[in-house]
Structure formats: C-alpha cells, structure tokens
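Below: the structure, in structure tokens.
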Amino acid sequence: MPDHVYKIIELVGSSSVSSDEAIRNAIAEASKTHSHINWFQVIENRGHVTDGKVAHFQVVLKVGFRLEG
Amino acid sequence: MPDHVYKIIELVGSSSVSSDEAIRNAIAEASKTHSHINWFQVIENRGHVTDGKVAHFQVVLKVGFRLEG
Amino acid sequence: MPDHVYKIIELVGSSSVSSDEAIRNAIAEASKTHSHINWFQVIENRGHVTDGKVAHFQVVLKVGFRLEG
Amino acid sequence: MPDHVYKIIELVGSSSVSSDEAIRNAIAEASKTHSHINWFQVIENRGHVTDGKVAHFQVVLKVGFRLEG
Amino acid sequence: MPDHVYKIIELVGSSSVSSDEAIRNAIAEASKTHSHINWFQVIENRGHVTDGKVAHFQVVLKVGFRLEG
Amino acid sequence: MPDHVYKIIELVGSSSVSSDEAIRNAIAEASKTHSHINWFQVIENRGHVTDGKVAHFQVVLKVGFRLEG
Amino acid sequence: MPDHVYKIIELVGSSSVSSDEAIRNAIAEASKTHSHINWFQVIENRGHVTDGKVAHFQVVLKVGFRLEG
Amino acid sequence: MPDHVYKIIELVGSSSVSSDEAIRNAIAEASKTHSHINWFQVIENRGHVTDGKVAHFQVVLKVGFRLEG
Amino acid sequence: MPDHVYKIIELVGSSSVSSDEAIRNAIAEASKTHSHINWFQVIENRGHVTDGKVAHFQVVLKVGFRLEG
Amino acid sequence: MPDHVYKIIELVGSSSVSSDEAIRNAIAEASKTHSHINWFQVIENRGHVTDGKVAHFQVVLKVGFRLEG
Amino acid sequence: MPDHVYKIIELVGSSSVSSDEAIRNAIAEASKTHSHINWFQVIENRGHVTDGKVAHFQVVLKVGFRLEG
Amino acid sequence: MPDHVYKIIELVGSSSVSSDEAIRNAIAEASKTHSHINWFQVIENRGHVTDGKVAHFQVVLKVGFRLEG
C-alpha cells in the first residue's frame, strides 16, 4: 500500500434547513471539482439570524481528499 | 455606512428533540429581549442523559446583536 | 448529599442518518455497560465521505457517569 | 419537563485569602441580582502581587443561571 | 483594600480606519452605559471585504469593569 | 530502566469543602481500583450552585498510572 | 435566498509599515485571483526583526469568498 | 454497513530511542488487551532529561478501537 | 525588500516508516506543483493501526510558499 | 505615565499543603531575584501522587514584572 | 549551515499610541540586552482603560533570538 | 521532601537530520548553562524548506529545571 498524500481544504456550507444539511451542501459543492473526497471535520458551527429566527446554519468544515500523486 | 458596535451574549438552549432545535430555542428566547440579532456561534454541544437515553441536547452559543448606538 | 466521583470515557458514535443519531448511538452503546450515565459533551464532529456524499457522521464525545463509590 | 434556556455571564472574583474564596465572592455578588444560579466554570486563575507576596487571587469565571422564560 | 468583583462583557467594535480604532469605538460605546471600565482583551480580529478592499475592521473584545458591590 | 507505558483516565471529583478536596476525593476513589497512580492534571474547575452559594466544587482531572506491562 | 457555499484560504500578508497594512496587502493579492471576497479573520500576528527593529509585520489570515456554485 | 461505535483511550508510551518508538510501544501494549485498534492521535510529546541528555521520549496519545457492539 | 504575500495550504503526508518521513513525503508532493516553498508547521500527528502495529504515520501539516505577486 | 515594558517568566511551584500554597511558594522564590513583580497567571494545575494520595500540588504559572527600562 | 538553537522570551510592550507601537517598544527594550533577535509573535492584545478611553495598548509577545552556541 | 520550585524556559532546536535530533540539540544547548534539567515538552514542530526538501526540522520546546532555592 503506497504512502498517499492528502489535501485539506476549508469550506463553509450553509442551509436554511439544518446543520447537517449545511455539511451536505458543502460536500456536494466540493465533489464537483474534487474526486477522492474521504472525510470532513467540522471546525465551527454558526449561523445567520433574521427577524429573531435562524435564517441559515453556516458550518465551517475541513474536507480531505487524496492527491493522485 | 457607520461604524456599528455589536454586543455578544452567551446562552444555553436545550431541547429534547435535536441540537438544531436547542439552537432555535435559545435564539427565540434571546429575541424576546433583543432586537437586531444578527448571528450565533456554537461554543459547546452537550447534553443530559437519563435512563441511558439523551434527555436533552444542550447547546452553548454566543449570540450577537447590533447596539443602537 | 455526599461527594460523588464521576468517570468520563471517550466514544465515537457513527450514523448514516444524522449527527444527533451518531450521538444517540454512542449513548446507547455506553448504557449497555455503564448505568448512571449523566451527561455527554461533543468533542469533535467529523464524517466519512464516499462517492461525493456523506456516508457516515462520526461524533467524538465524552460520556460521564457516577461511580458507585 | 420544558426546554429551559440559560444565560451565562462572566465575572472576576477577587480575594486576599484563597482562590476558592474568590469564587465564592463572585457567586455571592452574582446572586444579588440573579436568582436561579445553577453552576460556575473557572476560566482563568490569576492574581495581583505586591511586595513579593500574593495580594489578591483573581478568578475569572462563567456563571450560568436559568432564564424565567 | 476590599475584595472587588468585576464583570466582563463581550463587544465587537468596527472601523473603516484601523483595528485600533475599532477597539476605541467599542470602548467608547461601552463607557456610555458602564463606568469603572478597567481593561479590554482582544478575542478576535476580523473584517469585512467589499470590492477587494478592507471595508471594516471588526474586533471582538472583552471589556472588564468593577461592580459597585 | 525499561520503557513503561502509562494509562490516563478522566475523573470528576466533587467536594462541598474546597477545590483541592475535590481533587483528593477523586484520587482516593481512583486508588481503590488502580495501584501505581503517579500524577494528576486538572482539566476543568467548575461547580454547582444552590441558593446563591457554592454547593459543590467539581474538578475534572486526568489521572495517570503505570501499566504493569 | 439560495444556500451558498464559501471557500476559505489562508494567506500571510507582510508590511514594513503596520499590522493593518499587512492585512490590506494580503487582501489586495487575494482579490487578483478571487472575486466575491467577503471577510477575513486574523489567525496570527507575528513579524521579522532585523537590527533590533521590526522589519516586517507578518499577519496570517483566513480569507473567505463565495463559490459561484 | 452498520453504524459502529468506537472507544478512545489515552496512553503514554515511553522510549529511550525515539518519539516514534514511544508511540509503537504504547500501541503494542494496547494491543495486548484490545483487538480492533484502528488509529492513534498524538496529544503531547514530552520527555525526561537526566544528566543533560534525553533519557526518555514520552508521547501521550489517544488510541481508538471498534467496540464489538 | 518588497512586502511579499504567502499562501498556506494544508496537507496530510503518510509513511509506514516514520513521522519525519511522512512530513518529507508531503513536502515532496507539494513541491511538484508549488515552487518557492518556505516552511511547514505540523498541525496533527496521527496514524493508522492494523494488526496491533502502526501501519502508517499520518502527519497533518501546513505548508507555506511565496506568491509570485 | 511612561510606556513600561514587562517580562513574563514561567515557574512551577509545588506544595504538599494546597494549590494556593504552591502558587505562593513560586512567587516567594521569584521575588528573591526579581523586584517589581506585578501579577501571576496559572497555566496548569497538576500534582504528584504517591501511595494513592496527593503528595504535591504542582502549579505552573506565569509571573510578570516590570523591567526597569 | 549549522544547527542553531534559539531562545524565546515573553514580554509585554505598552503604548498609549497604538498596538503596533507597543510591539515596537517591547522589541526596542529586548534589543538592549539581546542581539540576534529574529522574530516576534503576538500572544495577546489587551489594554488599560481610564475615564472611558484606551489609556494603554498592552501587547504580550514572544521574542526569539539565536543563541551564540 | 521539600517543596521545590522549577523554572521553564522556551527554546527552538533545529536539525537537518530529524525532529528528535532537533530536540536533543536544544537540550544539549540548555544543559551548558542550566544543571538540574528534568523534562521537556514539545510546543510546536515546524521546519524550513529549501529546493522542495526539508532543510531543517525546527522544534519549539519548553525545558524545565529545578531552582536551587
């Protein structure tokens, strides 16, 4: 098994539905330009409030994928 | 555009349903006494367990709102 | 009220459904071997991605229970 | 059991006697204006030195209490 | 010298001029409602960008003042 | 001198008397089931408040002991 | 309002003039290749010293911009 | 693929040879009592010095293994 | 000396031999696509275990290089 | 009032009596060689255990004093 | 090129003018007693407030210099 | 056994060979001027890259030694 190298990028997914959906949105966006995505790690969980209600969950996450070295 | 000043308060929302609902409960409570709430940031995600089951999700969050300076 | 001592263990729950379900799975597993579980605290929220989609939410959490000293 | 919301405030207690007394002084002050105080968490433990001796222990702590929502 | 108790609040000052000016704006706002302000501590230094230029420096800071216990 | 391996467990000691006593209570409980305890490290210092007074100091600590490998 | 995804990159700006100028230099460089830059967050503030004087302020910052998904 | 639960324990490996060997010693010890070990994570890298030389590298690490739920 | 801007990317190098080799593998991979690499900083040191032995050291590192602005 | 410069050194005080006494012992030792000590800040609170009892509280602290510039 | 060893000391610079000036004051003081100063790193940015205005910016910084081994 | 006081200094060791050798180089340098060195703790592991290869491992470490009070 060779010694792989992975790259980690940082994204912010947003969703008006849920925190998990914000994660899924970011992964979906990342998979458009990167194949071999392996894992994600949540860095921060925040959100935008309008009119006293949560308008968007905003999840900052790191996304890791294998480089095709 | 003037130089606004914002205040940040720390709350703990709880919910027997979900982590996201605990956030929404805290924002709802905060909006009773503060208008102009703009954002929240999750500080800690914990919970209470009874009889081997999650009884309450408890989410510590910072809530930011604009001061009407 | 006596001075109790509590023990904290660290677990990783996983779920293909949601982050909260990953927490519940870990608590369910912990309650098989430990009674008196009182609280949990999320340490890290990560996950596994396959085919550009979230395959598993993986939540690292600390679980606290009273020792029957 | 309803879904309570709690507020957390940050205080610094000081005492020339001990670290624990600095905590107690802060809790005593907080209880003058807030009922339903439930817990505290020490954030920082520092102090003032004069003439080569500890003059005051200064303990930064977060204090949590239930909002009567 | 009595054992004082201090309160710490969290503010975000903003300024289109500089980071230091953002701090001064927050302190000026805080001094409208709190006397006895003693110190501040920068928690985070961020900002807003428009048209590829820094539009506002936004400095999150804790502000401490003595309670008149 | 051989290459020892140590295990670290996490406990919460509580005491109505003092923070130090909470540490001692946790060490006493740990020594019932583990010999060769060598050190402890305080992770968090918190407590329970009832009727506006500190009811229990609760100290989260890591306790390290040598495995008899 | 759609659910946007943002990307965060990490840069180090340097300036012989001031910390704020180091931030502005990094933002100016980033805006050459990325449009839709929305915010920055300072991660670290350091510098290079030569002949006992600050030669360069070096500010590590995260820069966030909207992906045109 | 079922939703596994993993346990994480904390160990300190020591070695007079190298940091990596200290890690290997801890893993070897852990594998005596736990099968299904999957990963480790270094928490702290420290050591003991005698006569002005490194006598032991001491590596604190978390070790994760699957529970046979 | 002009005011340079640097970019920092995050990589994970792996190696079955040693932690240092995992770092070297990541730097070698990064140097294929980026010239002017100046420094690295280890963020996390972890690894994969199979059959009770360290199969791969996995080192997460930040890698900084000068932008040719 | 001139612009003072302060130096911060790091010490570990130990005491078989209490955590606070360990702080006082470190301050007493520091005051033998440094005048103008102004403040201390606790960095870590740990201890040594022998025969299942706390043998020494060991408090790591930073100590700040004014340089006579 | 030999394997240098560097020492890092911690200082607090203060200035009534600006945060950057507080850094410069600390570096100027350090260069009186240490040659070969290479870099600084800001650890904390705080300040003293009197009469509702910033009286002094106080910047805690680490200063590194090469030992002439 | 008396209540000892220890001092902690911060050093950066460098080595073109390995991370562990960088640690040993720093300890060797420290032992020239300090006897009674007891322990070290790695704070940061970084390095210098030239021509796409690791030129120097640079390990920031704290070194503790007993004061002969």
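Going by the order they are written in, the chains are A, B, C, D, E, F, G, H, I, J, K and L; count residues from 1 in each one.
Rule of thumb we're sticking to: contacts are C-beta pairs under 8 Å (C-beta built on N, C-alpha and C of every residue); 3 or more make two chains touch, one makes a residue touch a chain.
Nothing here was measured: the structure is a model prediction, and the numbers come from that model.
> Note the shortest touch-path length, in steps, from chain D to chain G.
2
> Spelling it out: a chain qualifies if it touches chain C and also touches chain K; which chains qualify?
Both-contact set = empty.
> Just to be sure I understand the contacts, which chains border both chain J and chain I?
Joint contacts, listed by label: L.
> Specify, for the interface formed by the sequence copies chain D and chain J, whether it is same or different in terms of residue numbers shared by both sides, with half as the dividing line.
different
> From the C-alpha centre of chain D to that of chain E, how far is it in Å?
21
> Which whole number of Å gives the spacing of the CA centres of chain B and chain J?
A distance of 38 Å separates the two centres.
> Among all residues of chain E, which ones touch two or more of the remaining chains?
Where chain E meets two or more other chains at a single residue, that happens at 9-10, 19, 45.
> By the touch definition up top, name every chain pair that qualifies.
Applying the touch criterion to every chain pair yields A-B, A-C, A-G, A-I, B-C, B-D, B-E, C-F, C-H, D-E, D-F, D-J, E-G, E-K, F-H, F-J, G-I, G-K, H-I, H-L, I-L, J-K, J-L, K-L.
> In the complex formed with chain K, which residues of chain L make contact?
Touching chain K from chain L are residues 9-16, 21-22, 25-26, 29, 32, 55-56, 60.
> Contact residues on chain K for chain E in the complex?
Of all residues in chain K, those touching chain E are 18-19, 44-49, 52-54, 57.
> Quick check on the complex: what are the chain C residues that touch chain F?
1, 3-10, 62, 64, 67, 69
> Which residues of chain L touch chain H in their complex?
19-20, 23-24, 27-28, 30-31, 35, 37-42, 45, 63
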